Amino acid sequence: MKAFRADPELFRSRREQGDRADLSVDGLTLRFGGVVAVNDVTLRVRTGEFLSVIGPNGAGKTSLLNCITGYYRPQEGSISFNGRNVTHMHTHELVREGIGRTFQNIELFPGMSVLSNLLLARHIHYRYGFLPAALFFPSARREEVRHRRIVEELIDFLEMQSIRHRLVGSLPYGLRKRVELGRALALEPKLLILDEPFAGMNLEEKEDMVRFLRELHGEWKRTIVLVEHDMSIVMSLSERIAVLNFGEKLAEGTPGEIQDDPEVTRAYLGPSEEG
Amino acid sequence: MTEKLLQVNNISVVYSDVVQVLKGVSLSVERNRIVSLLGSNGAGKTTTLKAISGLLKPENGKVTDGSITFIDTDIANAAPEDITRKGIIQVLEGRQPFKYLTVEENLRVGTAALREKPGPEKLAMIYDYFPALVKRRKSLAGYCSGGELQMMVIGRALMAQPALLLLDEPSLGLAPLVVKEIFGIIKRINEEQGTTIILVEQNARMALRIAHFGYVMENGKIVMEGKAEDLQENPDIREFYLGTKADGERKSYDNVKAYKRRKRWL
Amino acid sequence: MEFFLQLLINGISIGFLYGLAALGFVMIFKSSSVLNFAHGELVAIGAFLFLTLVTSAKIPVLLAFPLTLAGTFALGFLIERVFLRPLIGESLIFVIMLTLGLASMFKGIMLFVWGGNLYMFPDFLPSWLSFRGAGIYVPPVYVLSTAVGLVFLVLFGFFFKYSSQGIYMRSVADNQPAALSLGVNVRRVFALSWAIAALVAAMSGIVLGIINGINVHDLTSIGMKVFPVVILGGLESIGGAILGGLIIGLLETFTGGYLSPSLRDVIPYAVLVVILLVRPYGLFGLVEIERV
Amino acid sequence: MARLQFHPCGNYRESYGEELRIFETDYGRAALLAGLVLLFAVVPFISSAYFLYVINLAGIAVIGAVGLNILIGFTGQISLGHGAFIGVGAYGAAILATSLHLPLFLAVPLAGCVTAAVGMIFGIPSVRLKGLYLAIATLAGQFIIEYVLIQWEGLTKGTMGIVLPQATLFGLPISGDRGFFYLIFALAVFMTWTAKNLFRTRSGRAFMAIRDNDRAAEGMGIPVFPYKLLAFGISSFYAGVAGALWAYYTMSITPEPFNLDLSIEYIAMVIIGGLGSITGSVFGALFISGLNEILRSLFDLLTNLPLLQGMELNPAALRQFVFGLAIVLFILFEPKGLAEVWRVVRSNFRLWPFSY
């Protein structure tokens, strides 16, 4: 397995806090103008776990993620991360707590290079103040170089060396998804939330992505929550799967249990067939 | 029966006068057929569709070489309004609903290219194909789920009574059950309305199942073509697009290795 | 009490006029999401065209009126053709800045031709249009502005809600690539919306000219006044434009009547900021649908 | 390491630090140095008083335009109130200098700070407003500030205006156009450089992230609203300094010039210079200031022509028209502005005689 070329400690800006990433969602309910998007959902994610959330379109998967990452405010229920109640925190505060994500419809900065996109994700790890930056003191310069080095490590890991100076807007879809993963990793999240990272990819690109996720989970010991429709990927990567339907949790269990659950088959997978 | 409806002849497409995306693409589509276009991201599938529908122009793209013949006229670089009027309608990737219009208003926009506006029976037909839309007809499209939206945009395109329907990744981001449903409907539309369809898909398994013919694109070129059944049997297609091993067993992501096998045509 | 009633009536009539001016503005916004900074200039051009036709060319009013409307319709069409069409597909900020440039150009031309002087239309409104009673007097032009405002409100409302062309316009504003893919003639939609906007602007320009006289600076400043009007109502709403016009019209007249005339022009903006903080999309604007 | 690099051909850089430089080549750095020497050591001594006056005003405009570009071009918040903020700076300096008798070296930065505070207050609507709605809220700011400048007579003396004392720096009087030239251009160069630095470091990148995609910016841990306020603050600080210098330079101020037209003039500078380009704002400011002067002389020329003697010419009309035309032409033909023209010219020059 490919490991970091350089000192992996470089990447651990916040080592003192450790990698603990225990998420618990309790009785979460989210309504939008009359529609109940998420209804009394309870969910746990333990440190080091790989959890997938599946379910039909409109089942509330993305809404659930948006509550966890602070984009939506749930009306009822609570979310806590590492024992801290984070229900009403803003997105940017949650990022500092260590929750990083990718988006379903790719939310990159299209007018910037891959490198700038990744550097932007280092925002919370900078230490220099406003004045040293405005006057470009040596301290600011040193830090810029340090973060650049970290970002280059990520570029190496995700095999994006050849596109580092390309504008993100000019990249094909599959690569943009990869850049987005890189950007989420540059945040150094303890909990990595991925919203349909495989959508629109062909088999080959999916295999690359599976490789990256497997290494992230296996070697880097990241805690990962994945929302995805491709069942073969979900079944192969996850340790545990939660199924949502009409905003409610329909089932939860190991991939084997979910595959054999008749209700899940009826609501989501459809009768299995070989082709 | 085997009349050519569309003939794309050796076209090259250049964006902003500098970036060449298509390098001599040829394909032909027979009437009443579903033709599937497979290939990696960035291979030029969407660009091919846009070259046919004329939607390159707003993006600063241009067909610089070759011709696109629809029935008997060359439509390369024609204005999108003229092409849609001839009966070619493209359903864009990523659904692209009119968020602030209701579902029914969205469907009504579909008739823009028609000189004679169809009566209510046309709407009824769409609702017949997509019963899920009936209860959403008065709600804003922006609040519909992905599956509903995909149905709506296909329905919207059907309102235009297309002779040739270009579908760009209709299964993108949809749940397995919905994907099955949508592909079923596409097949029905083809059979019942006689609509010719070009289908761009990452989900090669589904696409080849309903298509009659298939093309594979890589790096702006067509690298393989054939009847859908033949493509399904081709070992490379099986390995790289369908994810089936030579012995017919479905490949599992459990065995993804740290190295990649290269495609032999690259 | 009579003073109050008189102010109320004045406010409502002025309000309808603002609403009318704003309708053209909303028209362009609804079809192309462009904020037209040159709208005040369109208002002024309409008034000056009418003035020229009536006074210099000595054309009878009943003929000059449709001629003015036709002329401004054509002008709107032309503006779109020459200046805006090349920008289809460019970032919105450039289009908006372009209208700023156009505003400056048009104002320059008008100042060049007519200077900063005040002109008057000959009196042509029939007196039976006026209303007198209960101690208040409503001059004919106020009755006219209210009537025209109401008629256009209904017309525009139906147009956008039910007519195919209206739905196409909304679809273009909503998602231009998708509209193109379905064969909506985007260029025609833009041209038409500019033409109609210029026409409506001219209409309000003429009525305003009757009330306050015709002066380049005063009329073009209406372009700035439509902003609080349309923002209050919500940029996309026809009814909102009229209602916003009424609110601003009343606010202005009452501030002018009871507080101080110098506050007249500032109060609408102050109220605007407060309302926007409570309702960021105006009173009737579409809430942005964001899906993350 | 000491190898000089004149042409950017291939990437020879050996450390990430080298990539952080503003200029890609030593040649660029040398050219800038030469330009600065020329500016400070030669220009003030060979220029006529009139020319110095013109470029002094241009220097002030540079500061204001760089400030506005930080807000519009880099953070994506359209502001129509920049003219009023410059007015706040001018009045701030005038009041600090006359009422509190503060010396120039305190009054100018303090006026900047006051303007920054006012700017941030008018930036508050950006917490909920986006795009066009925000633009209109800043327009409201323009009118409200204009009103206050005229009506708050106790503080601003209304339409009477304020006369400033002689500008002194650490006891030395800043006399004449040449004295102001050094003051203005020292500040202009310094503030332009600071702005450049801003956008190769953390906060500047955060601004651009907000411009490009504010939801994603939030997801990168950037608190969007405080940063928008910060952008308003910085931008207004620049406006305030520009206004303060203007007040000291012209010695007496009235509320009149700080109207919407001034805001639009600054927007024109930013657009013509190139949105999101610091260098561009400098060019844009010089261009518009130059255009202003050319139009003024052209008008003088026209009014003295015997042929046009009888006609009632309106200087405002001509200016309005040419301004509008300049904006329209730039947007239609070079939407990236003078910054792009400069880039093209430079790269042609560099690659000469081989254009490919």
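A, B, C and D label the chains in the order they appear, each numbered from 1.
Throughout what follows, a contact is a pair of C-beta atoms (placed from the backbone, for glycine too) under 8 Å apart; a residue touches a chain by one contact, two chains touch by 3 or more.
Model, not experiment: these values are computed from the prediction.
Within the contact network of the assembly, the step distance from chain A to chain D comes to 1.
By number of C-beta pairs in contact, chains C-D lead all other pairings. Between the CA-based centres of chain A and chain B the separation comes to 30 Å, rounded to the whole angstrom.
Chain D has its Cα centroid 50 Å from the Cα centroid of chain B.
Remark: chain B and chain C have CA centroids separated by 44 Å (rounded to whole angstrom).
Across the assembly, chain A contributes residues 71, 103-105, 107 that each touch 2 or more other chains. Each of residues 291-292 in chain C touches at least two other chains.
Looking at chain B, one finds that residues 143 touch two or more other chains.
The touching residues of chain B, when paired with chain C in their complex, are 53, 55, 58-60, 80-81, 83-85, 89-92, 96-101, 105-106, 108-113, 117, 140, 142-143, 153, 156-157, 160.
Chain D makes touch with chain A in their complex at residues 15-17, 19-20, 194, 197-198, 200-206, 208-209, 212-213, 215-224. For chain C in complex with chain D, the residues that touch the partner chain are 35, 83, 86-87, 90, 92-94, 96-98, 100-112, 115-116, 224, 227-228, 231, 235, 262-263, 265-266, 269-270, 272-273, 276-277, 280-282, 288, 290, 292.
Taken together, the chain C residues at the contact with chain B in this complex read 88-89, 164, 167-168, 170-171, 174-186, 236, 286, 289, 291.
For chain A in complex with chain B, the touching residues are 1-2, 32-33, 35, 54-59, 104-105, 170-175, 196, 199-208, 210-211, 214, 229, 231-233, 236-237, 267-270, 274-275.
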